[in-house]
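In what follows, chain A forms one complex with chain B and a second complex with chain C.
So, the complex of A and B:
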């Protein structure tokens, strides 16, 4: 629409509108450039170096970091773990948040209270939240195992068992992401005009038909947004794994995520070049997944 | 079509935003962690301190909250003597301390004075990120390296120059639950104990319903298997910087240590913080813990009532060892007031400061002859054993890349504790990865 008008005449008003536009997005843009884009480019640059202590005596090594990365079984384990975490968390969390959003969208009492309750995990600091979960999961004294023992079952090694630890982490992940997604989907639901439901009910549609013919298509752009952000967020899982799983933990190989590996290499082993290469791999993987999603969206997302 | 392009563009931007706030975020966290404890008005003061005659504020970075309490007293005493110097303590957790210190060292914003550890000493000295104190020590009439154990002086030397003043040392002791020993009708452990006594006692102290284990054989180096390796005459790192994990003596010690887990005399423990919890809840009857836990343990009601500590048992061949390590005081090379910073460190390293540190029970002072003052500081436990072990203590093994190979070794050794591989295999794997790391130094 805008382009047609600008072709005709670029007036003074138009220019001042542009300036205002740039002015208004400036804070975000500048922040993005300084805090995100420049460091990203620096990371890319660093991935070709062996970084000396405190960033001095850097030595150009070409693709050596990438070569090391492709031969490092731990990197591939981390890729699989990260994907596994995403697959565990994203579908379940979207399903749960959609269900909760639909329930909260109906006329039940105390809507606001429920919304706040579901949103609390989003506001809480991940590190603090994980500390509490660690106590719940504690093998010897944890509340969960206490209940399990009371029922007469064998206690579970929630954090040390390689087959269970990822599940424990995913539960925390789902728990903390559901509230945020729920609010977004709820907003999408409330944008659906009431007249649609009225028209449908006059035509004799029941609630199941309404869900599939009205709610789902109308809310699909929101779900698409939620899906993309959730996946990106999950691919970068770090806090929870870092707080729960030590390098000495037997579940480490089954839970270490790419960002955790990046952290260890960069901040613990001081191999910033290698850490940067790992982050570049993550960037590539996230880009590929995002591009595929954007391509696939036309099959199911409805923009009105 | 336009919408699709728009959506694609948006998605890309979103991707960058979410992706990179991760990195950006963590960096700001570190710097905020560093300045968190900083008083705003105080930092204003130090800007003006050079021009005006007001007091200079010297920042003092450390990682141990338990010790911070005692240092509050020492700081106020020091400030009374030196009204022109204000000491501002910056306390951070162990892990954050090193990340923050690293960033600060790169950007030239180190605290004026701070603690140093053997794990990082090479990195900081080789890149001149801490001040060479050789001349200052030579000129000083209060601090002399002759007053400290030679081993502690050596670890803070680089190319013949002294970079840190020794602060304290720590050794590892055998903690035991007296009540559990009484119940089982056993004699408390003492200096006559050998590995066999430890094993037999652990067997008798382990209850079949798993409500109590005899011994805590956690996957932990300094407060665990390192001690047994050196008692057995094995080594972790050889003088020519090769891994000692494939040494038969080392493997033998590891076999002995892991046996406690295999036979169910010890729970499988991999988490660092969990170890003390198990001792403090009476789930394990014996465990190895370093002297730095003392104030924490004394504050724990259960431990104060039920537990005590003694020297580590000797190997069957009579070999004794306890891993010891020391901390040092360092000064930033670009400190805003060299003299004031040195005055503070000089005080901390002087006989007076070291005695005070011992009396207040902050840590075992490194200064020769202050041990008694430290022993007097705690009546809850019989802590003299920590000093007695200094006679045969072994410095915590280290090289230029300690933090890297320690982690890699953990990754290989944990398989022995979960019985995925034999102890011998785990040790050989550990030796291999450790040698790979050492080769890159």
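So, the complex of A and C:
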């Protein structure tokens, strides 16, 4: 009798757990299906169409958008520009943030103040940030050229010189991301038990040995995480380039990023099908990079 | 490590101070320029580094020409709704994914992971067409639409719910709590750090987002601070004092919040980063 009753109750409990589970995940799941799953499929689908106004009168064009994309020099320039931006920003910003984090972690005076200051750009709107940098980069009246002229050097066309503009954009990118990465690496450093340092210093290790033998291996998972997120973020760069370089800028071809190109094709020239094909290319590139990274991480990341 | 020589300290502090100056100088220059006239700003006289007097004309100018009150209202409504939705829906789903067993759970969690792995640009055009079909462009609803649910928030909070010991769950059940009561009264208070981190992360993301408000709400009265700046930039082109005044107005709400809740901001970055 008693056994039967417990069995019954378990059954009832399980049904109630199912109902609660479905109820609780319903908003998120339905939302994700409507907002993300269906749109992802639609985007893929649209990349085979010439989209009419307001998404009606679509004309199936097969692989034409992809064919156009592979023959479009602008797309390849955008791929190269985006990769160049990533290659400029990620290593420099990670190196700088790691150095700052290691210094701040050595219990230096004013640690909290420095940390707060380096973090400020993270909370600023990229649109506003780019405007100030445009002002600093201004050829005639910008502060940077003013200093350069004072030293006796030639002023630089930071925003219009096709060979310099990408560097100027990357500087803003590095400046914006250093604080974010630094806070993460600092948190990783603080996880290292103090006893490790003590043991090492008893064994007579100096700071440099400690850095390479203890600090670096211990924070490698954090650095790996920071690297992946930074690369993915850089591959999607849009705000800074959009605010700094307009289509008529002579440096446009050397700076336009994949997402900016997607934006222009979709919302400026209203060619959603072509824009979708470009987004698919972005997805493929990001996936390839992520797979390579995950494969590489086994070589140098120490998980405990 | 214990013995830091004086020289080392001087070098390190000098480097840190130079770095800090690079970090804050753009903001200081933004504020200084916003009080100058165009003539003063372009004079480039080192002795005229600061404006000759505090002028608020630039602020008055941009506020009159661009409805900043409306921009603040739009931006804050968007942030408030996005944060509320992220907290409510994500905590519900995260709790279920972490602590309950039911058919379809892993499949649905797969949807969450799928969303997180894919670049957001893929969703933009179809989302745009949906809002357009609803005739809802240039509304607050349009601004919050893509952020009504948060895959990232669900993933983040699930990690927090997973860390809660099983014993608490048993004792709650013995006390006669049903699952809903257990979630609201016992589990939710325990994941408060996760909720704070998610709120800050969501707010920052919404505040900084440029492309979505730009395309979905092109009308100047429906813009956000971020998207309005691009219009202000084309309106004033080289009137930098005006542009700087607009930038100051656009960055200051989040900067003020940051100075008040510094600790929470950094903890939010760490928790959202390291739980991945």
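As a convention for this text, the second predicted complex is superposed on the first by the 266 of 304 C-alpha atoms of A that agree within 3 Å, B and C clash if a C-alpha of one lies under 4 Å from a C-alpha of the other, contacts with A are read in each partner's own complex, and residues count from 1 in each chain.
Operating definition for what follows: a residue touches a chain if its C-beta (ideal position, glycine included) is under 8 Å from a C-beta of that chain, and two chains touch if they have at least 3 such contacts.
Bear in mind the structure is a predicted one, so any value in this text is a computation, not a measurement.
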(request) Label the relationship between chain B and chain C on chain A in the superposed model as either fit or clash. (result) clash
(message) On the A-aligned overlay, A:210 touches which partner chain: chain B = first, chain C = second, or both, or neither?
(response) second
(request) Have a look at where A:39 lands relative to chain B and chain C in the superposition and call it first, second, both or neither. (result) both
(message) One more residue to check, A:294. First (chain B), second (chain C), both or neither?
(response) first
(request) Answer with first, second, both or neither: which of chain B and chain C does A:106 touch in the superposed model? (result) second
(request) On the superposed three-chain arrangement, identify whether chain B or chain C touches more chain A residues. (result) C
(request) For A:187, select first, second, both or neither according to whether it touches chain B, chain C, the two together, or no partner. (result) second
(message) Flag for me the stretch of chain B that overlaps chain C after superposition; candidates: 2-10, 20-28, 38-46 or 218-226.
(response) 20-28
(request) Could you list which residues of chain A make contact with chain B in one structure and with chain C in the other? (result) 32, 35-37, 39-40, 43, 54-55, 138, 140-141, 229, 232, 236, 238, 259, 263, 267, 279, 282-283, 286
(message) With touch defined as at the start, can you tell me which chain C residues reach chain A in the complex?
(response) 1-2, 4, 9, 12-13, 15-16, 19-20, 22-24, 26-27, 29-30, 33, 41-42, 44, 89-90, 92-93, 95-97, 100-105, 108, 111-112, 114-115, 118-127, 129-130, 132-133, 145-146, 148-151, 154, 178-180, 183, 204, 207-208, 210-211, 215, 225-227, 229-230, 233, 240, 243-244, 246-247, 250-251, 254-255, 257-258, 262, 265-266, 269-270, 273-274, 276
(message) Quick check: in the complex, which residue numbers of chain A touch chain B?
(response) 32, 35-37, 39-40, 43, 52-56, 138, 140-141, 159-160, 228-229, 232-233, 236, 238, 246-250, 252-253, 259, 263-264, 267-270, 279, 282-283, 286-287, 290, 293-294, 297-298, 303
(message) Under the definition above, what is the set of chain A residues touching chain C in their complex?
(response) 16-18, 20-22, 24-25, 27-29, 31-33, 35-40, 42-43, 46, 54-55, 96, 100, 103-104, 106, 108-110, 114-129, 131-133, 135-136, 138, 140-141, 143, 146, 175, 178-180, 183-184, 187-188, 197, 201, 207, 210, 222, 225-226, 229, 232, 235-236, 238-239, 242-243, 259, 262-263, 266-267, 272, 275-276, 279-280, 282-283, 286
(message) If we count contacts the way the header does, which residues on chain B are in touch with chain A in the complex?
(response) 3-4, 7-8, 11-12, 14-24, 26-27, 99, 102, 105-106, 123, 126-127, 129, 219-220, 267-268, 270-272, 274, 277-278, 281, 283, 401, 403-404, 407, 410-411, 414-415, 417-418, 420
